[in-house]
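Have a look at these structures, which come just after this line.
Presented sequentially are two complexes of subunit A, the first with subunit B as partner and the second with subunit C.
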Partner chain A sequence: MSNSKKIIAGIWDSEAGLIEAAKKAKAQGFDKLEAISPYPLHGIDEILEIPRSFIPYITFVMGLLGCAVGTWFTWYVAAYDWPLNIGGKPMWSLAAFIPVIFELTILFAALSSVGAMIVLNGLPKNNPPIIHPDLTSHLFALFVPEDDKNFNAEKIESLFKELGAQEVKHSEF
Partner chain B sequence: MSHAKKEKPANPGSLTVPFNLKVWMGGLMTAGLITFLFTLYKNPERAWHAYLIGFFYVMTLSLGGFFFTALNNMTKSGWVVNVRRISESFTAFLPLGFVFGIGFLFGAPTIYDWLNPEIIATDSLLQHKAGYLNQTFFWIRMIVFFVLWIAFAKKIVGNSLKQDETGDENLTHKNVPLSVMGILMFVVTYSFFSVDTVMALEAHWFSTIFGVYAFSGMFQSLMALMILILLPLINNGRLKGYVDMNHIHDLAKYMFGFTVFWAYIAFSQYMLIWYANLPEETFFFMPRMQGGWAIVSVALILFKFIVPFFALLPRWAKRTQAHLVAVSVLILVMQFVDLHWLVYPHYNEHEVTMGVPEILIFLGFFAVFMWTVTRFLSKNELVPVKDPRIGESLNHHVTY
Partner chain C sequence: MIKRAPLILGNKSLKDITDDICEMVETPPNGKFLALLGVSKLLFLFYIFIMGAIVWYGMGLMGVNSPVGWGTDIVTFVFWIGIGHAGTLISAVLFLFRQKWRTSIARTAEAMTVFAVMTAGLFPLLHTGRPWISYWLFPYPNQRGPLWVNFRSPLLWDVFAVSTYATVSIVFWYIGLVPDLATVRDRAKNKIRKAVYGALSLGWRGTARHWNHYEMVYMLLAGLATPLVLSVHSIVSFDFAVANLPGWHTTIFPPYFVAGAIFSGFGMVVTLMVIIREAVPKFKDYITMDHMENMNKIILTTGMLVGYAYGSEFFIAWYSGSKYEVFAFTNRAFGPYWWAYWTMVTCNVVIPQVFWFKAVRRSIPAMFVVSIFVNIGMWFERFVITVTSLHRDFLPSSWGMFHFTFYDLGAIFGSFGMFFTFFLIYTRVLPAISIAEVKPVLHVGYEEDDHE
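After this line comes the complex of A and B, so read on.
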């Protein structure tokens, strides 16, 4: 883990505790405050001011691209490269090709969304940093990385303790 | 949700209908009635075609309200509780709908070929279909449909209203099996209702997907009307603490989804007929692809699918009031155009007939519908505050 950052993490044992702590810690002005939870938490995005993911835009653009590719592909195959008369219809009959175009739109959009998600999350990863092994089952964590503009190890430690963290750990992420 | 649990705000009570709205509804009802009577005297065929559009449009919204209520009872949806009363209020039209339905039975022989003995005598296909398409069975079907709809709606909505007083949790549980039966009943009756009233205009034509087509337009326009009713109530503070843009966001997602669904079904119907190219099916699309009707067909694809699709795609679009109002109005207008496109080529297949009678008779029906809805909402509470699942709806939060 060469590019991992030092962090200070506080561990809470309840969702409500974490959310209360996140609100108060955010008010201290940290700009890279992060949270880890075993399941999605309502409202945590707003509290931590996490920007929206831009994956939907990738989906949209790739969907449009899939639509364009499908249109070109059906025309090239059925009307240009190897014209084939089916049922006396015009060579390039849009109605017959819309299912193909539609499926290609969905295929491009869906696969690129999943692909973008995997790349942006840095997956696959076989040595994830472990702050606390129980964070995937019943514990919740807040942490501040060392490149935060207000990073001050002692202050953060005492703040997390004050906010009811059951444990404060120095770790890497 | 354990953070920031909201206390139940004060009960918003029932709706006070603004005087202006009452004047508008009364005016449009009168105008619609006068136009209908006048057109009936001048040109009964045109009058009954216009009547069918208005009748089917408001019946669709009304049954849509029933379907949406039953669907959410059945799936035990929590988020929808605070807006459920709006969809329940749509069923208040059903008893009046019965009256309009009986009225329609008397106009039916004017527009349906299969109720005209002279045409049947020369048409072997209609003679063949007479086992189903005949006056007696038509009357029986219509009456059975309405009796079933009114009975189920009375029971399901009645339980919900009873809960406002007693707060009895069991009423919610009782509504689950009722709603399951109600939805099964709805699927069959609504399909046959759309087939009997709209598809039967072209008695030679048949499309096995027609019921689904009518259903897709129903859900789309239902969401549009619910959003248009809820937004002013949110803005004047009546639903403060109960309904906010999070609920609207989810309704708008439904509207977006069923915009795509409508296009999917409409295209499925078109493509199979186009591909098979059988004369007994293609004659439905022939007049609709020529002259003025071709323009209406293209307008349907553009403004009932493509424009709402892109207009509802971004997240902000589903949370911006002015934008949602514009898209919802467009969808409601296009639902009218869709019905006009289904019905009117039977009246005149060479040119698009759209004049004062069509618009005023439709608006008259819509005003009657809105009158029953606002009357229901002014007699009952706007939010079922004693529903056991209301906590979920109070804390409803849509991240994406």
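After this line comes the complex of A and C, so read on.
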């Protein structure tokens, strides 16, 4: 991959080991320190100073948009573009349109949240470099990319070893 | 202090979990599985033949006629949609309630939802009689005016509800699968496998920043799927409740249908889980007897909820003082379709009462039999609602009966072939238990003093 960065990664075999190492490594002042784990780790966001995901705002706005589109569309179809008298009911029968408006609200909110997650996480990626195949199974990793302000290959290597990494690798991400 | 029972038995390590769950995907199937798949596919082929015949020769092959204009297709549609609801309940509602036991069964329950909705979706299309123009159900700009759909019709609400439900369920299921597909990709030994699962996993690598957004989206989807699932069966019930027909025109229908849907869905989840546990003995450590017991408790609860709804309907029919209502319900229980009504009551209200006994709740053969009865009973519930209300309306001269034909029965039984074919293939190509979700609950019941 052309856009992948060189990194130095340390690999741990337990969640507790990784959390402990992440705390100490972060204290060294890396600004792009990143962790990889087979499942979401409790407390890692605070340690790595990852802000709370802002996707809920996207969900909310897109939900409102779905609601607005549904309201407009049912009005346009039933009351404006081709009004038909059906059972003597008002052309603009809002109560009867609520189910459709509701479903569109959910649909817009759900699909845009997923879309936002995919875009924000830089997915989909074809054949991305894998640091270690067991990182999606039972190993945990910390890595520092080369564009980190404190990047120093030798220092990071010795730091990771000191913190108990079972393996230190030069790899790409 | 009362100890929590472990959610995962057998003191497993993280690697054990990955190995156990991936084994189904990575080893060739045995003879038993192939035999089961063969039977399902045969039934599926038979179903395709039945549907082909109905599309080719027309709806005359089925039993619907005046006065019973809604028959097998609508009954079986509601039956399958209802089954889907338990999957969303497990994957979304129990997630919001932080019920950690859901993790082992959520994936398969969600898969059941997706396949049940797919199976259900064909029935209304078949029922239209001209499925090749079923795109007319959607409002799209056309050269007839444009002539739009009628948004005042509950049948159109259903189009929107079911298609939104299908879309969101598939997306929710797929997003849950992404980290596990990456696990399968990283374990893959051959190139094709790596490429296929690599593409499906979207290149997932599980960094902390990825998990941060991922967990948020998963929670949002759960929060969106919860009102969605309640709305879908409410809207399905509007198909009936908005009509002015005695027996259909009741305000109790939305909650009654939702309770029934969860009831029938859990019946199907128990059926499937028993089969999976028998087929893959290793999964007994993940889908434990405690899981099965929890689900049986929900079956008992929702069974009594629908029992209450049956009683309430009769009370309101009498209390309303409307003679048409009273007639519709007396006719339902004691008219020519008494056998369908009492089959429904026996299967849905009486038989699940055996779950009051712990020994029965924890007996695999007993729960399998009960879950089959629940499935049968819930099919009959929809039959009773649809057919007994239609067959004798206000004018005695237009009364009639519904007559099953070979094609009706073929469509009912054949649809199980479609469902089980998809389901069996799913258990072999996708991880049937969520690997990434099971790992964080590994410690539950083992480290008692480590409470968060």
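What we mean here is this: the second predicted complex is superposed on the first by the 173 of 173 C-alpha atoms of A that agree within 3 Å, B and C clash if a C-alpha of one lies under 4 Å from a C-alpha of the other, contacts with A are read in each partner's own complex, and residues count from 1 in each chain.
Convention: contacts are C-beta pairs under 8 Å (C-beta built on N, C-alpha and C of every residue); 3 or more make two chains touch, one makes a residue touch a chain.
The model shown is predicted, which means the values in this text are computed figures rather than measured ones.
> Applying the document's definition of touching, compare subunit B and subunit C: which contacts more of subunit A?
C
> Between subunit B and subunit C, whom does A:Pro133 touch in the aligned arrangement: first, second, both, or neither?
It touches subunit C, and subunit B stays clear.
> Per the contact definition in the header, classify A:Glu20: touching subunit B only (first), subunit C only (second), both, or neither.
Touch partner of A:Glu20: subunit B, not subunit C.
> Considering only the touch criterion stated at the top, classify A:Ala78 as touching first (subunit B), second (subunit C), both, or neither.
second
> So, A:Ala96: does it touch subunit B (first), subunit C (second), both, or neither?
After superposing on A, A:Ala96 lies in contact with both subunit B and subunit C.
> Kindly classify A:Asp45 by the partners it touches after superposition: subunit B alone (first), subunit C alone (second), both, or neither?
both
> Looking at the overlay, what does A:Ser171 touch: subunit B (first), subunit C (second), both, or neither?
Neither partner.
> Where on subunit A do the contacts with subunit B and the contacts with subunit C coincide?
Comparing the two interfaces on subunit A, one with subunit B and one with subunit C, the shared residues are 40, 42, 45, 52, 56, 87, 96, 99.
> Which subunit B residues qualify as touching subunit A in the complex?
Contacts found on subunit B: 1-4, 267, 270-271, 274-275, 277, 313, 315, 395, 397, 399-400.
> What residues on subunit C touch subunit A, complex-wise?
My answer: residues 13-15, 18, 139, 145-152, 154, 156-157, 160-161, 164, 167-168, 171-172, 175, 179, 182-183, 185-187, 195, 198-199, 202-217, 220-221, 224-225, 227-228, 231, 235, 238, 435-437, 439-440, 452.
> Please output the residues of subunit A touching subunit B within their complex, sorted ascending.
Counting only subunit A, the residues touching subunit B are 14-16, 19-20, 40, 42-43, 45, 52, 56, 60, 87, 95-96, 98-99.
> Quick one: which bits of subunit A touch subunit C in the complex? Just the residue numbers, please.
Against subunit C, subunit A makes touches at 34-42, 44-45, 48, 50, 52-53, 55-56, 59, 73-74, 77-78, 81-82, 84, 86-87, 89, 93, 96-97, 99-100, 102-104, 106-107, 109-111, 113-114, 116-118, 120-121, 123-128, 130, 133-138, 173.
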